[in-house]
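In the two complexes that follow, subunit A is the common piece, with subunit B as its partner first and subunit C second.
== the complex of A and B ==
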């Protein structure tokens, strides 16, 4: 079993692990020849299935194993994130799978060069008789190269262990819509969640922070919260409902014509005032706050609403190269009314 | 009857704050020893594995310093012990502020009231602030006998020195919650600082194991590096972080002196009349010094095993003359001579790298990030009406500088900060 890669996009990698870490402490990482998968399945709350193209984060990537060159690892995300953060200013960073005292580790080797001005600081207590030597010390060691090794304990998962893990299956969505900038969405949802909690503190019954999310096929997204004391909602309009690609819909053109979203297009209006045409799900405000953490990656987000059933977010990471994209799929946990 | 009066500039008072913060990471109390020409703060941690002595020079550190101990002539001293928290509530952060904002002082006057004709003995601190405001704090103290750990630098042949700013960078790489720091002098021209935790765990627990971080530094990057190659010496990473953080507030070089594992190690730094010395217990295999062991030697980091010998400070003057290291162990009976507040020596363990909570700067703290999920459980979380700070002008902002009339519903005040007139939010209830 061998895994070795140099990290080419440390910022993306760090943001990725930080976002995932807000949903769960452990990730199942599947390394294969074609792609790198990160999966978070928390005991409750939103699941993430992320499929990354290798070049999104890695460079000179080797993975070898007896099980078809696939390595499955369980990785503690807090440690991984912490380790990656120490590489943010690195000149190079390498990651490899290794073993120490029979404990499997992901070893991160980071080379940093600091052109420091500390040495130029007058060190008042230094009493060198030789002034020239002092001078050399001051200016000779301008560039400090430091090698940092971070060892993250991991667990190697046998193919049998992960064979039973499947991505959730959902029916075709009723509405798919491009979300507004997540920072905007997050601040509204955070506010709503707080309001729900304020209501709860003042003695009303609801300690739950259920948000209602709804969208239609006319570019509208609605987020609302109802408690005993209040009912508030925010509506976004003029969002984009991306066109479905017939080649990706089962049944091709016929399938597309019968697709739930085609039917939903007949209903509702673009100003968001119509009662009709909304696909609605109820989600937990706190959990949603954790999902929104993915905004730091700055990708396009398409939300797929299955009315009263499920909400799925597809986060497409920005990439320089054409071809396959890296996608994070969030299966947002939702509630019935 | 003791006479102890001194005056501090705002800069010096803020240095007192910094050093108290540092000492607070070792123990709950600080011992004070005032002599005619110098003033020393000392602290010893609960496991007696770390001893700190921070000496302020009477002439250099203070604008005015006067100490006449009641007895003992020129070698006489006044000693007492105080709670660090009590002192920190007086020596707050931001005492020194060139712009004279809130909290800034003009000078600080300290005197000790310890006279037979007074009913109370008090440590009196007067903070002279702007506009003629004088804040007077009277603190209680406990008379104690102050002991010092001896350290013989003549025996400590292994030495290095590095600027605290660079050290500070290295400690930032260390994972949180690690316990030990192994300082290795490699034979390849590199020194390695390795933070790790000795813990036996198995199965799923292994994933909770803290990071092991090794920082390899070219010995040429040190200002001085003179250590036997292959030598491992192990200290507590928490102590090390506390020391480096404090040294970095002074922007000086940090010097280390040590001989062998299980023998004490001393860190020393200082400037402008402030000399800081930390004597730490070390562990590691002292036989393995010459052999190359990539993994650290078995731990002997026992709670009992303090190798720092303590003597009454009358003898510290002689320490440079002593040619031998103190004997390795200290009779337990000896330690009881040090009077302590019962329970006051609990090993306080604040996060070593914690940022100054009063700092004006928004830190690069990893936890604080606009993308982080909100922590709704925080007690002080209230509605945040001022949306301008983070979100540009996306949301309209309410601002109200008018004072809130307290006669209106008290209940609502719990939930809303008083930046909002209640009249504006009518309709929500």
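== the complex of A and C ==
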């Protein structure tokens, strides 16, 4: 069993593990020849199934195992994130699977180059100012290479341990819509959650911060919350409802014609004032805030609403190369009314 | 009960800046609930917390302001949930709302602004900077409406592609003892800059005093006004001397549009109804609540009535030329102030009338 890779995009990797970590402490990481999968299945709350193209984060990647070159690991995300953060200024970083005292671990080797006349953390501007010195130092003996190795103890999961883990199955969504920038959505939802807590202070403290999210097939997204003192809702209009590809819908063109979203298109209006045509889910505001933290990665987000059942978010990571995209899938289940 | 056909809504008001409303209302954010009174002249928000605090949102703050007095008949039919609602039908509509909820709501507007003008690849940037639109409060609209008695106070915030609708539950007004302030029977009145008063209060606060005493008198024809604070750690006093000192630089004028002929006097107006030194004591922590209003006010008018009730009226210029008023009223502390008690109990009124001629 061998795994070795150099990390080509430390910032993306760090942002990814940070936002995954907000949903759960442990990730099931599946390394294979084609892709890297991160899966978080918390006791409660939102599940994430992320499928990353290897070149999204890694470079010179090798994985070998007796089980068809697939390695399954259970990785503590907090330790991984902490290790990655220390590598943010690195000139290069490598990660490999190894063993120490019979404990499997991921060793992250971070190489940082500092020139001797600089402090340990050179800032960008300082480098610019005395660029000449740096130039000199490259040829002199002033450069110092620091190598730090961070070790993250992991568990190797047997193939039959993970065989029972499946991505949740949901019915065809009623509404699919492109979300506004997640950071924008998060700032409003965070304020809503705060409002709910303001209202709960004088009433029952057990009040949950339950957000209601709804969308229609006319480019509208609605987020609302009710408390004793108030009810408030924000409506986004002019969003995009992406067209479904008939080749991806079971039954092809006929299936598309009978798709729930085609039916939903008949209802509601583009100004979001109509009561009809909304697919609604009820979610926990704090959990939603954690999901929204993936917004730091940027990228397009398509939300699929299964009315009163579930909300599925597809977060497509921006990638330089064309072809297969890296996608994070969030499964948020709806509370009953 | 709120879809009353053919009845115009009691209030429809549109403001181009929720930020202004927020800044004013924040001055009285000391209570869970605030009373709201709607009149043709504007909205009055008041909070009672041992002292009375009021914010007047005049019609000039709104780009449009339409008020229809509720017909008395409509009001009586609407009060089905509360049969004892035997208010005078002439009284303007009054209700309570959750003040923290209102403040939080007003902040929603502009939250999302900075992102809308950015290219999509910049979406993961920091959501705000010191000069971004959400701080400056531009480019948004706020519409406040109140349909009829018993209906919620509705606030609609609109910006580029987001519309937020908020319905604040309205509660029956509480019966509350208004702190009476008799503006016909003034013992003392002075006007000064809000931040000068604020600086003085801040200075005194460092000794964590319990009480604040106002002292005012005329000394050899010159007005003298002092704030003296005392507490377990000692006492301190800030004096405002109105000695004409033309060379005195005006410290950091809050309002550059002030008339240039403004005298360098600390106290713009100084009226004292009696030659006896005026002394009146208040709880310091209550006065301190006005600190936020002091810091934003252009001017403050400090008045004392016959009963020793202190009124501080803050004139706040939210935008050039648009004035708003925030009022605070405080009841005096009476323990151990023999001299003071005598003054209020005895024939002060006689002297008062003479004093009014000043």
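Throughout what follows, the second predicted complex is superposed on the first by the 307 of 337 C-alpha atoms of A that agree within 3 Å, B and C clash if a C-alpha of one lies under 4 Å from a C-alpha of the other, contacts with A are read in each partner's own complex, and residues count from 1 in each chain.
Methods note: contacts are C-beta pairs under 8 Å (C-beta built on N, C-alpha and C of every residue); 3 or more make two chains touch, one makes a residue touch a chain.
Computed from a predicted structure; not experimentally measured.
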Which superposed partner A:26 touches (first subunit B, second subunit C, both, neither): first
First, second, both or neither for A:236, with subunit B first and subunit C second: second
Touching partner for A:8 - first (subunit B), second (subunit C), both, neither: neither
Contacts of A:187 with subunit B and subunit C, given as first, second, both or neither: both
First (subunit B), second (subunit C), both or neither touched by A:150: first
Partner chain in contact with A:295 - subunit B first, subunit C second, else both or neither: both
Contact breadth on subunit A, by residue count: subunit C or subunit B: B
Partner chain in contact with A:76 - subunit B first, subunit C second, else both or neither: first
Partner chain(s) touched by A:195 [first = subunit B, second = subunit C, both, neither]: both
Doubly contacted subunit A residues - partners subunit C and subunit B: 183-184, 187, 191, 194-195, 198, 201-202, 229-230, 295-296
Subunit B residues touching subunit A - in the complex, by the definition given at the top: 163-166, 169-170, 172-173, 175-176, 190, 204, 206-218, 220-221, 223, 251-253, 269-272, 295, 366, 369-374, 376, 381, 383-384, 387, 390-391, 394-395, 411, 415, 428-429
Complex interface listing, subunit C residues touching subunit A: 32, 97-98, 100-101, 104-105, 107-108, 111-112, 115-116, 120-121, 123-124, 127, 152, 161-169
Residues of subunit A defined as touching subunit C within the complex: 180-184, 187-188, 191, 194-195, 198-199, 201-202, 227-238, 272, 295-298, 318
Touch list for subunit A against partner subunit B, complex: 18-19, 22, 26, 74-76, 79, 82-83, 85-86, 101, 103, 114, 116, 118-119, 121, 123-126, 137, 141, 144-155, 183-184, 186-187, 190-191, 193-195, 197-198, 201-202, 209, 229-230, 286, 289-290, 292-293, 295-296
